[in-house]
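Here is the structure we will look at.
The chains carry the letters A, B, C, D, E and F, assigned in the order they are written, with residues numbered from 1 in each.
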Amino acid sequence: MAVLHPLTDAAATPEARAILDEIRAARKSDFVNDFWRVLAHDPALMRATWERLQVVMAPGALDPLVKEMIYVAVSVTNGCSYCVHSHTAAAKAKGMTEAQHGELMAVIAMAAQTNALANALQVEADPVFRAER
Amino acid sequence: MAVLHPLTDAAATPEARAILDEIRAARKSDFVNDFWRVLAHDPALMRATWERLQVVMAPGALDPLVKEMIYVAVSVTNGCSYCVHSHTAAAKAKGMTEAQHGELMAVIAMAAQTNALANALQVEADPVFRAER
Amino acid sequence: MAVLHPLTDAAATPEARAILDEIRAARKSDFVNDFWRVLAHDPALMRATWERLQVVMAPGALDPLVKEMIYVAVSVTNGCSYCVHSHTAAAKAKGMTEAQHGELMAVIAMAAQTNALANALQVEADPVFRAER
Amino acid sequence: MAVLHPLTDAAATPEARAILDEIRAARKSDFVNDFWRVLAHDPALMRATWERLQVVMAPGALDPLVKEMIYVAVSVTNGCSYCVHSHTAAAKAKGMTEAQHGELMAVIAMAAQTNALANALQVEADPVFRAER
Amino acid sequence: MAVLHPLTDAAATPEARAILDEIRAARKSDFVNDFWRVLAHDPALMRATWERLQVVMAPGALDPLVKEMIYVAVSVTNGCSYCVHSHTAAAKAKGMTEAQHGELMAVIAMAAQTNALANALQVEADPVFRAER
Amino acid sequence: MAVLHPLTDAAATPEARAILDEIRAARKSDFVNDFWRVLAHDPALMRATWERLQVVMAPGALDPLVKEMIYVAVSVTNGCSYCVHSHTAAAKAKGMTEAQHGELMAVIAMAAQTNALANALQVEADPVFRAER
């Protein structure tokens, strides 16, 4: 149902095939989801996206599960169906419990609600919230 | 610059004034930001919002700083200027370091980017991501 | 602060000036807000927008105040600061009471919240909600 | 296809089952749509959402059909497929005529259009639209 | 799966049928996509939309393919699944190459990313970017 | 008014300062806009963003002005005020005429309008628009 069809390994160019192999190696899994198989139509864009994703989602000052939940929050807010599915699954794979999932959704819904109120009221940011030059 | 002006304590109804006092008590601070002072025009909506916020943002399966960063992520994605200012300040008050702030922004930007790609390609969710009935 | 500056009547082309006059006549007011004065840089786009707006917002199966509140709801959700300001003012001018304004905001915030939950859960539309072919 | 599967009455916890019963009683119908059956995985979030919804959508300064159409407008603008389906159905159940539905869509589309123009032009809100302190 | 079902030519009113004929004539094709067949439930809205679309998308200072790619960019950003499908198809029909499609997606994704960063940082527009009065 | 203040060259770290120099060299101008000066608080994110931007916006299958107009379209749709200002200025610097600007806005507004209609109607993508597996 996509704009472009997902490519099998056999149909992918050598450059795209190499990235599919890198994804499998990084994830220690034979499965590669269709986002990458569709993006494989443009190996340069696929490589830039995959490489940046590895850097951004690596453990750092925030742990990988927290990063994944933030990813879900953005995806929900953007209404990206595919991304909500894939990153919710990724968060579960990284150990998100049912209780954490429930709280994640409650915070997202709360923020959506007060974002709407602040936008409706057009409240101007209090001076104390702004960085001084 | 708001659609309604922020109410001082003196101008607020007794019902709204009571909530302003609750906010000060909960935050152990004399300062109440303008979101609440503008919302004070509708004490019923103000009370429902404040009470739900307390429940949702309380420590639970997720710690308060993680919840606050998720709140920022939603606010950024909704483009709510007031909310980004106030919740970024709240996250800093809860201990968000510069490194954590940087990673928060990097994850938000990464998600925005792949959300756009998934929407552009209209990739259909892989069966493995879907809950079985 | 706009991308293009608002045009005074003197600076507008005759075609744009004619539309400014139509706006004044339709509203029975000498004041024309800056949206139209900025759009006046492109008289063709200005005319198409003004004429369609007149048709859409005229009394019909829905009364003008209801239409104006729907307009506010969309503008809030899109985070369009200018539009929230101008259409909230328009709704007040058409008789929106404080109580109606409060309920309008409460519904917008409620919808934002359940929209977020439905997007987070990716619930599929129940068959009963869908039109049969 | 949801992230979590809809729960039957038998599969729901007693707490969630009680809310399903409340929904049936309030609506005078045996049917409960899947939004609630999926949300039933988190009875606390389900209860908070259901109770708030009852308060917000009750007859008040705005009549229930107007509230429902405002709900549709927000849902369309957020691109929430489930919500557009369910709240359009709810609006029809509350008496929305074909002519009202057509005008609702025309206003939503008009607002989307001028929101885009105002955002493109970055028009600053006229002083007359702003609340004085 | 739509809120209203697509109308066949036989089921459409004479007014809607006339527009279906105009669409076929303008496109030199017998096929009319479902957007128009669903919109046919409201012939007045259908006519206003079709007539404006013809004016806006006609060759002018921008060529039709560039206009179509801009249309795709907006549709992707709004997360409108139908529109992404139909306008990507239209862009291909107007000659969009695979390389152009790849670059279009890369620009959309880049903009989504820096939009998120600018919203996260709440950078104020540099004075040099603003139109002088 | 930003969440973080813009850094002068003197206040930036050597790593950020080097990127500021690269921006000046690439643009053949002494001026660096505040987006980069605020992002300079996180040199790693600043570098990743700057380097990717150079690749994406370089001349290719699409010319730089077309890319810039697509960037504006996304920024308008996301309601990113800073980005609309900066990329509209960039498009003008790359030769966008008033007529092209007007058509760009007309297409953005048209797409916003039909996106809203397609979302309101929840039209399902015609089979002919979908990629076959």
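Keep this in mind: a contact is a pair of C-beta atoms (placed from the backbone, for glycine too) under 8 Å apart; a residue touches a chain by one contact, two chains touch by 3 or more.
The structure displayed is predicted, hence computed values, not measured ones.
Taking the definition of touch as given, a chain qualifies here only if it contacts chain B and chain E alike; those chains are A, C, D, F. Centroid analysis (C-alpha atoms only) places D farthest from chain F. Residues touching across the chain A and chain D pair largely diverge in numbering: under half of the numbers involved belong to both copies.
In this assembly, E is the chain whose CA centroid lies farthest from the centroid of chain B.
Judged by contacting C-beta pairs, the busier of the interfaces C-E and D-F is D-F. Spacing of chain C relative to chain F, judged by their CA centroids, is 26 angstrom.
Mean C-alpha position of chain C lies 20 Å from that of chain D.
For the pair chain A and chain C, the distance between mean C-alpha positions equals 33 Å. Counting partners per residue, chain C has 1-4, 6, 45, 48-49, 52, 74, 76-81, 84-85, 88, 102, 104-106, 108-117, 119-122, 125, 130 as the residues that reach two or more other chains. In terms of which chains touch, the assembly is arranged so that all chains touch all other chains.
Against chain C, the residues of chain D that register as touching in their complex are 1-4, 6, 31, 33-35, 38-39, 45, 49, 52-53, 56-57, 60-62, 66-67, 69-71, 73-78, 80-83, 85-89, 97, 99-100, 102-104, 106-108, 110-115, 117-126, 128-130.
Taken in their complex, chain D has these residues touching chain E: 79, 84-85, 88, 98, 101-102, 105-106, 109, 116, 122. In the complex of the two chains, the chain D residues touching chain F come out as 72, 76-77, 79, 81, 84-85, 88, 104-105, 108-117, 119-122.
Interface of chain B with chain C (complex): residues 3, 41-42, 44-45, 48-49, 74, 78-80, 125.
The residues of chain F lying in touch with chain A in their complex are 1-6, 48, 52, 55, 125, 130-133.
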